[in-house]
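Next come the structures, one after another.
One chain, chain A, appears in both complexes that follow, with chain B as partner in the first and chain C in the second.
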Partner chain A sequence: MRRILAGTLVSLLAATGARADDSYAMPPPGYTPDMKSDEAGMWMQVDKLEADIKASPARIRDEKLNAYVQGLVCKLAGEYCRSIRLYVMEVPAFNAETLPNGAMVVWSGLLLRSENEAQLAFVLGHEITHYLHRHSLERMRRVVNTSGFVAVFSIITAGAGVGLIGLAANAAAVGALYAHTRDQERDADAGGFAAATAYGYDPGQAPAIWRYVAAETNANPHHEHAVFFATHPEPEERLAAMQKEAAAETAKRGEWATNVDAFHDAVEPFLGRWVADELARGEPLEGVVLFERLSANQPARGLFRYALGESLRKRNAKGDAPLAAAAYHAALDCADAPPQAWRGLGLLAMKDGDKAEAKEDFTQYRAKAPDADDKAMIDFYLTQL
Partner chain B sequence: MKTFSRISIVVALGLLAAGCGGVTLIDPAKPQVLGDMTVMPQIRWNQFSTDHKVWTVNGPNLDSLHFFAGVKSGQPLFTPFGARKDQMAVFDAKMLPNDVQDLVVGTLEKQGYQNVRPGNLAPCPFGSATGFCFDLAFTSPDGLEMKGLVTASKRDASLDLVEFVAPSEYYYGELSPTVSKVFASIQTK
Partner chain C sequence: MRLQGIFALAALCGLLFGCASTMNKVAAEAPINWSAEKGKKVLLIDPDVELSELTAGGVTEPRADWTATGKGFIKSDIGSTLTGKGIDTVPVDAVTDPHEVQLVKLHGAVGIAILQNAMINLPTKGKTLDWTLGPGVTALRDHYNGDYALFVYVRDSYSTAGRAAIILLGAIAGIGIQGGTQVGFASLVDLRTGKIVWFNRLISSTGSLKEDKPAAATVQNLLAGLPL
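Here is the complex of A and B:
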């Protein structure tokens, strides 16, 4: 284990041989910047942001989930584990970010979108590398040199003091500061890849998670909520490089781990809520891509098939109604069938003018979910059929 | 009353500073016409317009009552500052109350609110017609826990919808009984 830890740190810190300037490598754990430095000013701003994140009602405080993700962070960060403070937040978009002061924010949208521990490990390793190589500091100094102090200060404070969700809303502004350069992204990809594969995580899972998220983003012409890609540019080029590297690495040994069971065990209690968050986000174009993938990955999980039905019904493109109905029916064939799948079928039938079918579906919904909070509305529909 | 007037002046100045021009005081005893809806205000509100009428007592970040009158098929409820119209979900005349609830939730999310949870969707009187109503719980961009009440009616392929939102601490509880009376006072042509 000690050898792996040492190997991980060496990988994280040295996988970036292509870096132009190694003066940004994070000093030993426990480091705090000189109070007179520009870095201290940056830390002061993100300290305020961290205070908001810490107190946010969106923070998920569940001990078991936090211990699981923190364990993974510690595995990948080695002795820097104690410098990184983890905050798991209930925010449905895909994102993870390590602030310059060591506050690491993981959004539930990342956990919902990961299929296994290996995929999560590659993303966390990527973010840890950004932190250990102080990419934000490097970036800030570059902006100062080109835009001046006032611009940088206003960009930092656009995110500070308005909470995590404010940060998301201001992602475009904050992204102007935190958007990493192409070299920094390559560096973080390499560092995350080296750290995760040192622990035997399946190299193929690295390009897989990035490919999935890119597919979701590409399905939405507005890209409004693609917060992660506001700060992580050039995904296509990086994806191609990562796939090539993963293929070469995979060939080096016979067995690789995904730790899918441990991952499912950790996230299982939250899936219903995170799926509801994703559906409430109002981005059915992305939801269809996401839930098609998750349904294919876990065919026996009715929750994802139901969510696919909801996304298709809400997307409401030509031909979506029968696809939504098929997804709802597939959900109802699963052991964990959400009763709301009957409601979805009833709404489709009612709009289609099929009163008998709608009546049957709503009756089933009322029977399966007698305490549903929309029961009065469903009963009203039934009087109209 | 003098204190109330002072508060109103402060709120009005705040709204002006926030770029909400044309703030007017609403007479609590005078029926107000909003599209095809007529309502009794019950109390004195400050009114301003964005692309719809908004009433507030303490300022829009602390309480706001939004009137979306006569929304036509293909139109969003409204387009929040910083968003483009083509990014917004739109009303469709074929929508059922469950779909309108989704439309409200999606619109709030586009405003930067998070984890919007609707509940208790039920038929409700809307003037002389049967409309529907539901409540909301969500988190503001500043991390405040918020609550909301919505009442709506679809007729002649258009939507009339009134939405009240406020922080759950104090302001929602303080104003929601009045808002319920405003909802109950709705008359339609």
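Here is the complex of A and C:
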């Protein structure tokens, strides 16, 4: 019996491990995989996904913004410019992704969090490298091969009454998958860095954006780290490596670009919506970190100060209420003075039991935003004060 | 409860003995009637088909070539079946209008809900087929000029040599392991009301969409009980 099992194991491992391939570099532009290949199957699935993305109501179709981001993609992707199809989506949260078939998705949350064109370029370069090095294909083959091994091993060990060893094999296999992914992330970091610095983008902006994203993520203990950092190398290790590389690269020449003005021109018309999306996401712990940074960068913009006030009020940690009130007042001192800051002040006062103040704030809000969506709610509050 | 038993039996039958099981329902108050201005035309919405390999570890790996072949068979076999009933098929291959895209997605969500309802009867639904996509579907009727639309969803997997060996190995060790299966559904929607007038669920551990004749048999199973 044991010999039969062992013999089968050997032939199975041979069958499952037969497709190792060393070269994953993307073939020249215009490439489509052989219809019989696993890669074609993968493309078939992401083609469907792309059709969904294409027709999605969340897609931002604004020509100017698309042309701006597409221009950056083209710089970074070089001869593969035409192989990549860009979709800018109105989704809060930091993310960009290039699907194996060349569809590239950029979330508005990434644009809201980038401080300048250089930071955006490093992130896009990172994602384009995943595509050009066909990391998804490599990962899919790794999953198929590893899970084959685990299935065999679990059965053999279960049959032989050593289930625990099977568990250990499972854990080791899962670990191997993640380690492999971390290698890919390092590779993507390096590729993105090389592509963006070749165009003169300030190397220091690479660790700056990743460090910021790590800080925002870490601010929320309940954040599903799996979304972003589970598949990325240990943030500290990765950031330290990037910082070192950036310092060495910076020293190589005198002038580096961030193109901050071009970036602000491109995103300006959308900031109101994107901030509202971010607040609606309901992650005030992250929101505080985000809007503190945006307020510090653009102190004269009431929108960001109001959003900071909202995040602080909703975070509701000890001492947050006065900070939120200060942020709302600062927002109202700005030229764009968002009327919702009055609502925020009213809600704070109402919670504090200060009826007169709340009444005054809500009245201001109703006067400044007579057609607000929540006017019925505010009118109800006014009857209670 | 009884349906649940039937489903369990079907699944067991599929897994152990290799056979096909279908279960179809017709809406109670939805007699088929064709409007004079549209004639006997059925829209065939681009079938959502995926053929894949079931690898040794149980990962399904989609196959583009098999899918193209299988989808081709499904479309032509449905076409000829309907022609045999004196009905014209209007193929709707690529939906791009945002509203129509949402209708197709809505059908996907409703179809999966009906599939689940076939296993566990929702207490408030009873055993009748009582589902609708809503009157928004008239957009499809106006655009493609037909009273009914047929939606088809099929996932078909085939064991690799490695998976077959695992199944054998499992059997020796006394563990039942699933091989390739065909799962799918077809549903007929009245484009005047949005009502799903007929629904059929298919589960099979045999059959192939990679070849002409077995594919025709699968389509016959899929269309079993179609009230047209």
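By our rule, the second predicted complex is superposed on the first by the 325 of 385 C-alpha atoms of A that agree within 3 Å, B and C clash if a C-alpha of one lies under 4 Å from a C-alpha of the other, contacts with A are read in each partner's own complex, and residues count from 1 in each chain.
As a convention for this text, contacts are C-beta pairs under 8 Å (C-beta built on N, C-alpha and C of every residue); 3 or more make two chains touch, one makes a residue touch a chain.
Just so it is clear, the model here is predicted, and its values are computed rather than measured.
Of the two partner chains, chain C is the only one that A:143 touches; chain B does not reach it.
When both complexes are overlaid on chain A, the residue A:57 reaches chain B and chain C alike. Residue contacts after overlaying the shared chain place A:272 against neither chain B nor chain C. Contacts of A:91 after superposition on the shared chain: chain B is touched, whereas chain C is not. In the superposed pair of complexes, A:299 makes contact with neither chain B nor chain C. Comparing which residues of chain A touch chain B with which touch chain C, the overlap comprises 52, 55, 57. Against chain C, in their complex, chain A makes its touches with residues 1, 4-5, 8, 11-12, 15-16, 33, 35-38, 40-45, 52, 55, 57, 140, 143-144, 146-152, 155-156, 158-159. Of all residues in chain C, only 50, 52, 55-59, 61-65, 67-68, 96, 98, 101, 105, 160-162, 165-166, 168-170, 172-175 touch chain A in the complex they form.
Here chain A touches chain B in the complex through residues 52, 55-58, 90-92, 162-166, 168-169, 222, 224, 276-277, 280-282, 314, 316, 343, 347, 350-351, 373-374, 376-377, 380-381, going by the rule given at the top. The touching residues of chain B, counted against chain A in their complex, run 83-84, 86-87, 89, 92, 94, 96-99, 102, 105-107, 109-110, 112, 114-117, 119-123, 130, 132, 134, 139-143, 145.
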